[in-house]
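The structures come next, written out as structure tokens.
Shared between the two complexes below is subunit A, which pairs with subunit B and subunit C, respectively.
This part shows the complex of A and B:
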């Protein structure tokens, strides 16, 4: 901050003769509170994480031995890292498209007003307000192996959270539920933007509901759907509470997504260097996905 | 005649739509309804796999607050203190920064604004380790400031308010400047009162997000004195895994404030979400 202030006071032209120093500093003073927080809790720790990823650390997180890129190469050479990446991508894809489909169906079913549509819409949007931790605890009961809703209804005795075949699926269901609300809200907003005339002329041509859905609705809202998939992917990559509260990454490594692996490395094994390297890899993945989105948005502006 | 059949058709259509929605609404609401049912169910019925409680008892809610093994009311108090502080803090820092970015001219403005936007690209996980280490080094673990200070500003808040300020008529600022009104006074007595919708959106969104936080409070608190609700309800499980009803009562209690914001400030919340989701 100080640097910016001093360079600015040199070069801002004097607007009034004898213009007070304060007037020149004021814009920066207004930015100071926000930038102090950003500097201490965002810029610095981000750079620090990059730095730590090149070191071996002690258990208090102090950089001890310069390790070059070995934290990274060790990760790339370990099968458990690739297992974690693979689990993460499966989870992310199931969640991204699962919640998109739920959002699509719910917003299509409430696309026009009818008696009760307000309260139905509110129910579909509601999961946006619910904490992932609270929802996880609720689903813990739904998935309970002996007294849970799912096994009671289906008459099964499946260990939803404790068996390798079901754990990832179960955690994905919770995440789809959590994300369905935001998908509903955005896709509904997209649907409201489709001009009525398009449907009217199609109706005159005698097009049925599904014909209109696939030839008008979906193409018209495809930018919204794309944007929403990206948001779903980024959110899914960052899921933590569900994993921590429902499966702790297990059984085995069946639900050990990248974020949970970071948590395990740093806060159970005190391997802050490796954890930092994993964080940077996660950052790069999300960064690339964001760039793809920007690219696409720029392109779609020309349409 | 034709009109009548049209409206009849419309009515039938409406009824069909409601019936198509019902199973999906039920599916979405089930986890919460089921949680509520378990929380008021006599314990014996939980273990007999009953779905609908025969009698309603609020014993679990009383126990959640009175059981000496955990300080549930303290968690709630902590979450309110933290969420309200973060909310007010963001309103303060983001109003000032957004004002500077929209009403004032200064060198480096574009670069600084880009810097703000760039923070949206950094996921929390890429900073959480280093932040945890800083907090530990300063001896801030188990304190309100550890829960509050790192969240006292956000790019989303600055962005949301700046969009709102940019829509202000330029003449308003000119007129007040001629009257000798300082920037701070202009912000305080003209801009902020006219920005209630944007501040409401920011406030609802930030309060809810903070109330719903889990990972950061889990890392920086391990004493009852500073533990927040989301970590607290999972503790109910750690203390007594068999007390399913108690656990579910805890979940319901913690969801009430979130749902209240959703019900009473839905419009503001959705506006906040729309601005927040740009960040991804």
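This part shows the complex of A and C:
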């Protein structure tokens, strides 16, 4: 591309036909810088991933043996892969809506000013500033099976991270907490934008708190909520450090979400082919979800 | 006279210009390690001392590269262009990979070049890193697993605090006496507990005298092509123990690795546990005066097992930088790191074995042993094993180890039976080995 441009401008002097050619090329020249950055950091890795997914790689990650679609068929045949897909969807659903609900409740609680509300707001927003790795280390102690805070407070003997029934729930709780901060900030900002007149006239009509909440507040902030759901889903798909530090995908495959499985394949087992195949599948899943989301947006989000 | 002096000074200045190498520029080498916390501080101190003693000649730049896994992944990523370091600490299970990669300069070559006497190195430790009678890397931080127990709790439960259990029959028997339940029947103290750590599985194979993989446990010139722990029944025996401990309610699950088990032992929630010798110092420091810690040999699966433990931990690898001066400097540094004085310091700071026998004669070492007699158990255990239990070498060991942990979890959660766990585990590890051998 670049070569064509330079030969064109060199060989043709600035006569009128050349000038017209330049006019035609000019917009592409402006696109070139952005395009080259995207090529290096997005398009090339993407194409390379597709390419690698048809190969077995050596210990350096070089394509070595052409494997056709066997990376894919092997995945589809393995029960552990389907377990990982199912776990991923459960995790994303719990986290996306859990953190939205927590963000919603906390921002409603601080919507009106009262003594100490700024301190409380600050503490609700705090998880934004906490690194997920640090939070995971702290929660590891909270969840500890014999001397964890949670078991001491509730007087239970639940193996929060070690039992298949609880592990996904526990990891989700940490992730919800981590994401609640950003939900709180955006939803709070959204609430400030709802005009007071709407509430006033609804009060005159005799509407109660929950009537106002569901008929005024939620429809008014639906663009914010929609945006937040998308962000939550993307973040949930990308969750990594809490899983690596808390459960390492275990017990069994109970918390082996697809991003963690990709990491294991690529950087632990050094099988980049399988990891690439998983990535392509993840890409397709997210692509379809995004399409569905925008379809849904047209119907029920009010701008 | 004065003239002579000034002339000399001028000449010296010129010499400094012409021969700057010796005067100003020491040979700089890079040392990558994976020791965090207290152990990392000890490393930095040792390197500083070396740099001071070799000022103007050799300068070692010490770089912490995260965990063993992180460090080996970084060298894999960098290895395609140039070696990122001169000396590197690699974990035991990275050995086969390093040999196959061709990046390593076997220390045997340096040993042969100057007839360095390696009889000083503990034979049971050197055996692990010796393949085809060639010492590939220099043992540095070596450990074995040990059994740790709470002596105070033993005495309270009417057990002899000087007799730790030696096999799982005894562990189960003692654990039942040591377990405490509250009025509601909830267990407030577990008699026994251990982390789900794939390293222990490998150790039990050695304790039973069985191999993990074929081709002389992966130590012949031809690397391993499949696991044998399914055929020789070893894996089933280990899994049966896990299953029994859970079915009889002896233990609770303490996660993969050792972190949670260690925390539970320190807080007194479990009485008997398994840990590396390298954890001794930190256990003693953390427990303090809360209770007295005792140590015993890593337990047998069956009372009559005749094998032994193998060492874990790390060793120092020389990388092929192609620069003669730097390789010589790296070798000097390695010799320093294993010298008796340095090893005595290292041992006292961490709990890793002193890898040179001469260290045992030093006062510093003797004092430390007197202060912490628990460490004597580790030395006795090391001397009671034999080179033939040096443990297996396998290119895909990190993956195999984590698969062992996954199948242990599936087993204790009732997803698979013992036989299914062995069969599926073997199939998955075999397929990983097959793909590795196909592509590398």
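Things worth noting here:
Heads up, the rule we're going with is that the second predicted complex is superposed on the first by the 246 of 303 C-alpha atoms of A that agree within 3 Å, B and C clash if a C-alpha of one lies under 4 Å from a C-alpha of the other, contacts with A are read in each partner's own complex, and residues count from 1 in each chain.
The rule we apply is simple: a residue touches a chain if its C-beta (ideal position, glycine included) is under 8 Å from a C-beta of that chain, and two chains touch if they have at least 3 such contacts.
What you are looking at is a predicted structure, and each value in this text was computed from that prediction instead of being measured.
Of the two partner chains placed by the overlay, only subunit C lies in contact with A:251; subunit B stays clear of it. Once the two complexes are laid over each other on the shared chain, residue contacts for A:144 go to subunit B and to subunit C alike. Once chain A of one complex is fitted onto chain A of the other, the partner contacts of A:162 are limited to subunit C, with no touch recorded for subunit B.
Of the two partner chains, both subunit B and subunit C are touched by A:267.
By the document's definition of touching, of the two partners only subunit B reaches A:34; subunit C does not. By the touch criterion defined above, A:177 lies against subunit B but remains apart from subunit C after alignment on the C-alpha atoms of chain A. Touching more residues of subunit A than its counterpart among subunit B and subunit C is B.
Across the two superposed structures, the residue set of subunit A contacted by subunit B and also by subunit C is 60, 140-141, 144, 147, 267. Put simply, subunit B touches subunit A in their complex at residues 13-14, 17-18, 20-21, 24-25, 28-32, 34-35, 38, 46-47, 49, 51, 92-94, 96-97, 99-101, 104-109, 112, 115-116, 119, 121-134, 136, 149-153, 158, 183, 208, 211-215, 218-219, 230-231, 233-234, 237, 244, 247-248, 250-251, 254-255, 258-259, 261-263, 266, 269-270, 273-274, 277, 280.
Residue ranges of subunit A in contact with subunit C, taken from their complex: 56-60, 64-65, 140-141, 144-147, 157, 159, 161-164, 247-253, 264, 267-271.
Subunit C meets subunit A in the complex at residues 69, 73, 76, 79-80, 97, 100-101, 186-187, 190, 193, 252-257, 259-260, 263-264, 267, 269-270, 396, 398-399, 402, 405-406, 409-410, 413, 415, 432, 435-436, 438-440.
Those residues of subunit A that touch subunit B in the shared complex are 4, 7-8, 11-12, 24, 26-28, 30-31, 33-35, 37-38, 40-46, 48-49, 52, 60-61, 105-106, 109-110, 114-117, 120, 122-142, 144, 147, 149, 152, 177, 180, 182, 185-186, 189, 230-231, 234-235, 237-238, 240-241, 244-245, 259, 262-263, 266-267, 272, 275-276, 279-280, 282-283, 286-287, 290, 293.
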